[in-house]
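Both complexes below contain chain A, partnered by chain B and then by chain C.
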Partner chain A sequence: MGESLTLRVRNGHVASGARLLGWLEDGDPRGAEALRALHPATGRSQVVGVTGPPGAGKSTLVDTLVAGWRARGLRVGVIAVDPTSPFSGGALLGDRVRMQRHATDRDVFIRSMATRGQLGGLARHTGEACAVLDAMGYERIAVETVGVGQDEIDVAALAHTTLVVCPPGAGDGIQAQKAGLLEVGDALVLNKADHPGADAAERDLRELLHLRGASPEGWQPRLFRTVASRGEGVAALLDAIEAHGRHLRETGGFARVNGRRARRALRERVLWRVEERLLERAQADPALGSLLERVADGSLDPYTAADHLLEAWIPTPHPDPE
Partner chain B sequence: MSPGRPLRVLLAKLGLDSHTIGVTVIARALRDAGMEVIYSGLKQTPEMVVATAIQEGADVIGVSSLSAAHMHHIPRVVELLREEDAADTLVIAGGVIPEEDVRELQRRGVARVFTMGTETGAIVAYLKDWWESR
Partner chain C sequence: MGESLTLRVRNGHVASGARLLGWLEDGDPRGAEALRALHPATGRSQVVGVTGPPGAGKSTLVDTLVAGWRARGLRVGVIAVDPTSPFSGGALLGDRVRMQRHATDRDVFIRSMATRGQLGGLARHTGEACAVLDAMGYERIAVETVGVGQDEIDVAALAHTTLVVCPPGAGDGIQAQKAGLLEVGDALVLNKADHPGADAAERDLRELLHLRGASPEGWQPRLFRTVASRGEGVAALLDAIEAHGRHLRETGGFARVNGRRARRALRERVLWRVEERLLERAQADPALGSLLERVADGSLDPYTAADHLLEAWIPTPHPDPE
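Moving on, here comes the complex of A and B:
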């Protein structure tokens, strides 16, 4: 089963890829098993992160990027992340409303993901989902984040190319200076550029880009004005995304991003599994109940309690006695 | 939610009808019941709905129809799911659907039809029961 599923995923079989994505999101061990087998087939796609505040027009922009890539003969995957409600655990995933013209295109795969409590603008398994789409042979993968504030910039660690989408009126000059978000864009996109305030926003963003300068490898981020709903300005943006992909491949940046992603995947895997094991241990530990009670009734402070638990579960290594 | 994960429900509007209030209310009710609701918008064809459901790994497809085209479109969704080897996806429908059509739709593989005036709570309860029995 597992082996034939990974083979079908590598052959681009949509239902198999979709099932694997479900396993990964749900923490099904078959998901990790399949990723192991697929790993050698990954590392080829250019992952393009699309981030920005709510209402910036990210989904519409992704829709037009998909159309542009398709016109250039490329196969495209999309991962669109929306927030999970912290109250119900449910989510309303509506990004693909703007992308449905691609629904029956066999060379486009769109998947919506809920954050399920993950902070940082992505879902916990977004990186793994990219690996699956990569193994399926999608040459460009757009990752649309939730509507983000100033520092939810996880996507920049995941993507080869990060687009920061800003609507006009998102803030005055000072806002533009301090926003951590704006510092991670390989291109800034001033979308809804036909709206009032676009020229002022353009001035602010240009100033910011000027202050930022080029990356150590010599990439100078540029500003693009788009009206995604009419496809305006998107061709130039697409050219820049493609140019950035080539730049990364020429300067070794592409492999570096893949390496960063792999290191991150390793770190995340280890931390998740440690967390899992600790929770299992905690449930089986009779001392925990009384400790929790003492913390709750105030007879023990949480800091001392944390030290007790960690010392019991993962003792600090002591140097060998001579 | 029974098998340890949120139920994934695709909500779609088939055909030319452009009434969105009902489907929006249902989407919120399902989300508030802890489900992940994928909304794919208006004017969907059965082919779009089924392709979307497969990509999204949807457990359930909820089709809202307030136009007379339901007898044509909704059974086609069931048919395409069978062709795509995804017949275990539950198909439910809602909207302005006359009683005799309800029976016919159920005969043709629609699990449940919620006609106008159904409380959202009834839809939530039906889906929870189905999910728990899986």
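Moving on, here comes the complex of A and C:
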């Protein structure tokens, strides 16, 4: 059954993909088995991270990007990590209605990461979801995150191409935040460019872009003015995303991002299994159980407990050089 | 030297506390050694989490709470995790100037968690910082976070008392978010209560509070209207925070939160050491190193690599029952 599921996922069967994503979110061991089997089918999608502060219009932009990609004949996945996104069920009714125009398009797959990492980190779940959508044959995957917090920075590290979306008319304080976000942007999007303050914001952003310069591989991030709600400026942005994808493939950056995602998956898988074994042992071994109790009641500090635990459980196999 | 530093920290010496926090952020092994030694001096501070959406006025509220605690003769620590907080250097000049009124008060210690977890998670760093401020004798520790993301939920779990701060006049979408936040609130603060829409917001919030009811231990969260910028309503809120602290001490909840923090510290310490050893081994052992390379270049899937790695490195000491 597992094998036929992976086959159906590789054939782009939507219900099978959704079931696999459910297994992964629930920590069901069949999820990891399926990902192992799907590995050879991954590595082709271009993952496009869309980040920025709340209110920048990220969801509307994603919605128009999806439409643009579809018009170019590309199959598209959307992963919404942003808790304020209509894709993840977090926003106003009007937004939700608007994005439903893709709901009947079987070449668009939308997944929300609203359940925030009860079983492992948000970045792990998002990375796994990217792998599933990749194996399903979606050629572009948009990952929408709100640009606040380490989680979101980790999620952004999964993307091949990162768009930083800024609203006009933000104050000095937001400016400082933007500077941090800018460092991860392969393209900068001044959305709602018909609002007052857009010209002033453009000047500020151009200055920041100028300070930053090109990447070591020669990619110069550019600024795009868009009015996503009317689709204005989106075609040029789509061209830039495609150009960045080609640039990455030519310079080896595409494989480098995939490798980073794989190394991260390995790291998280190992730590996850270690923790799982640790819990099993703590339940089976009374000495370990009492160690945990003494930490909980404060009679033993966690650092000494960690030493005991590691020594009892993972004895150093051969002495260290020094 | 380590011993005299821990002694100085226990005596509340500010520069020594700051140095220890720096070690912990840098992953310097002296940090963990010092925390181990300081463990008997911890467990007394009441940690007060202050969370809510951006723009709710959390920093201003923290500023007035600090003033109120100081007026009651209490020593106060502030940990700013919120990237938009003036305490962490993220906000407008006016805010920063306002909070500086505490900068010369040696019974107020302010620490920013702006450096977001390059070496371990944000929650780990925040938990460690709480332990340091606790050992230094700060009787109340305010932890300011923005109410978005798993990181922030993890940070909120460190607090004895959680305040959820809401601005008036938010739409339906924000309402849904509030419902999630509300579940963690021991008190609800409707700040900027002089703004239009405050009465409508109060009705909505009271309804949510009513649906929620009292905790299993009998604590009924209440709603407080404040105008933090003018100090209005803050005295009643301070009284509620003190009452919640007494309630926790009477019902065993205070020790339970400390135990949760300690168990989390143990877990993170163990996983951190496991990862550290793993990296050491990967550098020393060519077979391990090539395993990592094969994951990075995509020729081996991370799940199979994790199995190899765990089997080679941590052989199962005795077979599992099944």
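The criterion applied here is as follows: the second predicted complex is superposed on the first by the 240 of 322 C-alpha atoms of A that agree within 3 Å, B and C clash if a C-alpha of one lies under 4 Å from a C-alpha of the other, contacts with A are read in each partner's own complex, and residues count from 1 in each chain.
Note that a contact is a pair of C-beta atoms (placed from the backbone, for glycine too) under 8 Å apart; a residue touches a chain by one contact, two chains touch by 3 or more.
Given the structure is predicted, the values throughout are model-derived calculations rather than measurements.
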- Which partner does A:R273 reach: the first (chain B), the second (chain C), both, or neither? second
- For A:S112, decide between first (touching chain B), second (touching chain C), both and neither. first
- Query: Thinking of the overlay built on chain A, is A:V146 touched by chain B (first), by chain C (second), by both, or by neither?
  - Reply: second
- Message: Tell me the contact category for A:A15 with respect to chain B and chain C: first, second, both or neither.
- Response: first
- Task: Look at A:R263 in the shared chain and tell me whether it touches chain B only, chain C only, both, or neither; answer first, second, both or neither.
- Result: second
- Message: With both complexes overlaid on chain A, does A:A306 touch chain B (first), chain C (second), both or neither?
- Response: second
- Query: Touching A:H247 in the superposition: chain B (first), chain C (second), both, neither?
  - Reply: neither
- Message: So in the superposed three-chain picture, is A:R124 touching just chain B, just chain C, both, or none of them (first/second/both/neither)?
- Response: neither
- Message: Quick check on my understanding: which residues of chain A belong to both its chain B contact set and its chain C contact set?
- Response: 84, 89-93, 116
- Taking the complex as given, what residues does chain A use to touch chain B? 14-15, 18-19, 21-22, 25-26, 84-85, 87-94, 96-97, 100, 103-104, 109-112, 114, 116
- Query: In their complex, what parts of chain C are in touch with chain A?
  - Reply: 32-33, 35-36, 39, 43, 54, 83-84, 89-93, 95, 116-117, 121-122, 146, 148-153, 171-173, 176-177, 255, 258-260, 262-263, 265-267, 269-271, 273-275, 277-278, 292, 295-298, 301-306, 309-310, 314
- Which of the residues in chain B end up touching chain A in this complex? 1, 4-6, 8, 27-28, 30-41, 44-45, 47-48, 51-52, 54-57, 84-86
